[in-house]
Amino acid sequence: MAWTREEMAARAAKELKDGFYVNLGIGIPTLVSNFIPEGISVALQSENGMMGMGPFPYEGEEDPDLINAGKQTVTELPITSYFSSADSFAMIRGGHIDLSILGAMQVAQNGDLANWMIPGKMVKGMGGAMDLVAGVKKVVVVMEHEAKGESKLLKRCNLPLTGAGVVDMVITDLGVFEIDRSGKNPMKLIELATGVTAEEIRSKTDAEYVSAL
Amino acid sequence: MAWTREEMAARAAKELKDGFYVNLGIGIPTLVSNFIPEGISVALQSENGMMGMGPFPYEGEEDPDLINAGKQTVTELPITSYFSSADSFAMIRGGHIDLSILGAMQVAQNGDLANWMIPGKMVKGMGGAMDLVAGVKKVVVVMEHEAKGESKLLKRCNLPLTGAGVVDMVITDLGVFEIDRSGKNPMKLIELATGVTAEEIRSKTDAEYVSAL
Amino acid sequence: MGSPSSRKVYKDAKSALAGILKDDMVIMAGGFGLCGVAETLVDAIKESGVKGLTVISNNAGVDGIHLGKLLETRQIKKMISSYVGENKIFAQQYLAGELELEFNPQGTLAERIRAGGAGIPAFYTATGYGTVIGEGKDVKEFPDSPRFAGRKYIMETGLWADLALVHAWKADTEGNLVYRKTARNFNPMMATAATTTVVEVEHLVEAGEIEPDQIHTPGIYVNRIVHSPDAPKRIENRTTRPRNA
Amino acid sequence: MGSPSSRKVYKDAKSALAGILKDDMVIMAGGFGLCGVAETLVDAIKESGVKGLTVISNNAGVDGIHLGKLLETRQIKKMISSYVGENKIFAQQYLAGELELEFNPQGTLAERIRAGGAGIPAFYTATGYGTVIGEGKDVKEFPDSPRFAGRKYIMETGLWADLALVHAWKADTEGNLVYRKTARNFNPMMATAATTTVVEVEHLVEAGEIEPDQIHTPGIYVNRIVHSPDAPKRIENRTTRPRNA
């Protein structure tokens, strides 16, 4: 037993607070927008130059001038504004976005994050990921706990980093961890996924952490 | 005999070329806009955030939201655009303005310019002058040749500098000088004002220069 | 005002500044001369009596108007400006050693604010190199740059304030802003470079009523909005030309 | 077109690029994916046969479209980009060592272009510190900054090109530009950071027909304009939702 992708997204959505400005990465993070709690209003930023991103358009209403960072057609909302890529990353780098939720290949117990390249494979590029993890106030990673039977939560990342000491929280299919970027406190396990035991997580995690259940 | 303020402004206007984007300082430089040659179209920048500055408004049509860098009411033209101070000085610092015409207290033969402070007197500030002289492609100074019987064209400025090696041309009431900012060539006297002799200029100039009349 | 974002709208300048003001804070004040200044917010700061302020503003107001009011009451400890020529009280306090003053070239000031808001701790500029402004600052050359080789540049740092006072022509309830003509000036950068940004607006509309391509400042930068349709708009140097007969 | 500025208007992409193109030049190409790209200008570059190009562009087009065309003809020597995922020819040429590639984080790329246009030879950013992007770059701390103390920053340099290719929604004959929605992206900065800026526009109007407060790029940055009302606008990932019955 463990969380499904949707359950992981729903858990991530609990990190949203009313009035937050949020950037969601590709994959499971995109699903988070389906689980925004009742009474909570957030604005979604798309780093290609849009604040206040709306849902996909109805068929026939796609606009080639209106896409998100995944190059998907989207729509605008009453709160929407557009700006240049320089202004968009000024917003990101400047610490104005409250929360970024993104996927990862590896996260280390000190908050290091790797999600952009695997040596020996063709590298597509980091896009805006390095800017987001370096600039956004709170960075939440949503990922599977293991890949091919190997823990993705590590003592140290062995893949090239996207950012050093940048992750505040990791939500996996098995549970939720908090990381203190400053390094003053160890990584903490704060929550178990449905039907998962603390022992199961301990056995599947390479990183060192303390339990705060 | 020498040039009047208007004649100095008219001489400075000959440096304008069709299509130029130009910033004019306060004082005699402002008069230059009255002498723009026939068939020449230039756009005037105001560093508080406007390209394409028009003339003063008709009485009763003043707009408190529409002023120039001297805080005077002005008007807009069909070519006008507005932008922030950051964008305005990005334009200036980035080398996009073709020509700046401004006044000076002192100019040295190496292109050093002093026009913003006199030690011991209350200093009002440099405003945008340091940015303009550092950033604009060509800098033309228009000033009286002497102040209280002392040459303002010097071997070295003794007032605090606005910019080091920034002046390309000096137009005084007595004549016109060219300066090679790179320092490879000496300052050159290239023109005499009406009724002024080379000897008169020589006797009234502290700076070293060669004649290229 | 039923939209979720209308929580950003405050009923007056005093309430919009409530809980924010404290002695010795750093405040950015938009405007160029008296054009595009948030005068009703400055009035509320005067009334609050907060003191020891460091104020980042291109100019220092004129006597009895805008920042001139805070100089009269000696609430300002230090100004960071490019030009302070229109203010006698300023000169008096400065010459008496009662007021600190840091001059920045106007473009450097604008860029320092923009940098602070954009997460850029420092940048290089040729402005001020070889002058007193460059003294004591890091100097760097860029010999490999096709554009920037052959000159020397000084390092200038990004600015950040506790509070930014912004004047805009129009806001929607989300805080999206539009400025008018040269009243834009320093306002857009200052809106991005402070822990709290409070905006005085002439016109307040519902979210969705401003064309999203025409928004100058996205609402993310705006924390509090006051609708001040009667905020004074003054002309410092009224210059006109005669009508042809 | 009787205004003095109509000299900026060229009849087609070929004539707008005449006299500018040369082998081994540096070109900036606006757009994000295929959104807001100046495809008619790229077509004209392809036809010209100019080669050895260094292209600064967030993406590298897709196979057979936009920059993908210049990859097919091997006119590009080097790309400076943040993401090149949609291009098989790119991958082939890169893996064969025929194409140089410099990855920049997207925000660093955007800011390097903005800096180049703004006369800023270099700036500091936390982006990429501690990663391969930071290797070999100057590192600096700002312990005295209330905003920036406690982290490490790397120095990134300003970019400048011989030619910028820009796509805008609307231009007037002075070259004042307006972009539409997310087609704005990299276009405004690139317009400021090249010796010559050539713009493909969907709509061309007389000077004075665009509200001056709504101009995104002032005409000073624009050297040549081509009116291309039929320039292709493509959708890379068409995503829709069902209508409720």
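Labels A, B, C and D are assigned to the chains in the order they are written; within every chain, residues are numbered from 1.
To be clear about the criterion, a residue touches a chain if its C-beta (ideal position, glycine included) is under 8 Å from a C-beta of that chain, and two chains touch if they have at least 3 such contacts.
Bear in mind that the values here come from a model prediction, so they are computed numbers and not experimental data.
With contact taken as defined at the outset, chain A and chain C are each touched by D.
Between chain B and chain C, the least number of touch steps comes to 1. Counting C-beta pairs in contact, the pair that comes out ahead of the other among B-D and A-D is A-D. For chain D, the chain with the farthest CA centroid is B. With centres taken as mean Cα positions, chain D sits 31 Å from chain C.
Mean C-alpha position of chain A lies 54 Å from that of chain B.
Centre-to-centre, using mean CA coordinates, chain B is 35 Å away from chain D.
We define each chain's centre as the mean of its Cα atoms; on that basis chain A and chain D are separated by 28 Å.
Within chain C, the positions touching two or more other chains are listed as 111, 114, 116, 118-120, 125-126, 179-181, 184, 212-213. Counting partners per residue, chain A has 76, 82-83, 89-90, 92-93, 135 as the residues that reach two or more other chains. Under the stated contact rule, the graph of chain-to-chain touches falls outside the line, ring, star and complete shapes. Touching chain pairs in this entry, ordered by label, are A-C, A-D, B-C, B-D, C-D. Chain B meets chain D in the complex at residues 18-19, 21, 41, 43, 45, 51-52, 76-83, 89-97, 135. Note for the complex: chain A touches chain D at residues 46-50, 55-59, 61-68, 70-74, 76, 82-86, 88-90, 92-93, 112, 122-131, 134-135, 160-165.
On the chain D side of its complex with chain C, the touching residues are 111, 115-116, 118-126, 140, 142, 145-148, 153, 157-158, 160, 178-181, 184, 212-214. The residues of chain C lying in touch with chain B in their complex are 32-36, 58, 81-85, 91, 94-95, 103, 105-108, 110-111, 113-114, 125-133, 169, 179-189, 216, 233-243. Contact residues on chain C toward chain A in their complex (touch as defined above): 3-5, 7, 114, 116-120, 172, 174, 176, 192, 206-208, 212-213, 215, 218-221.
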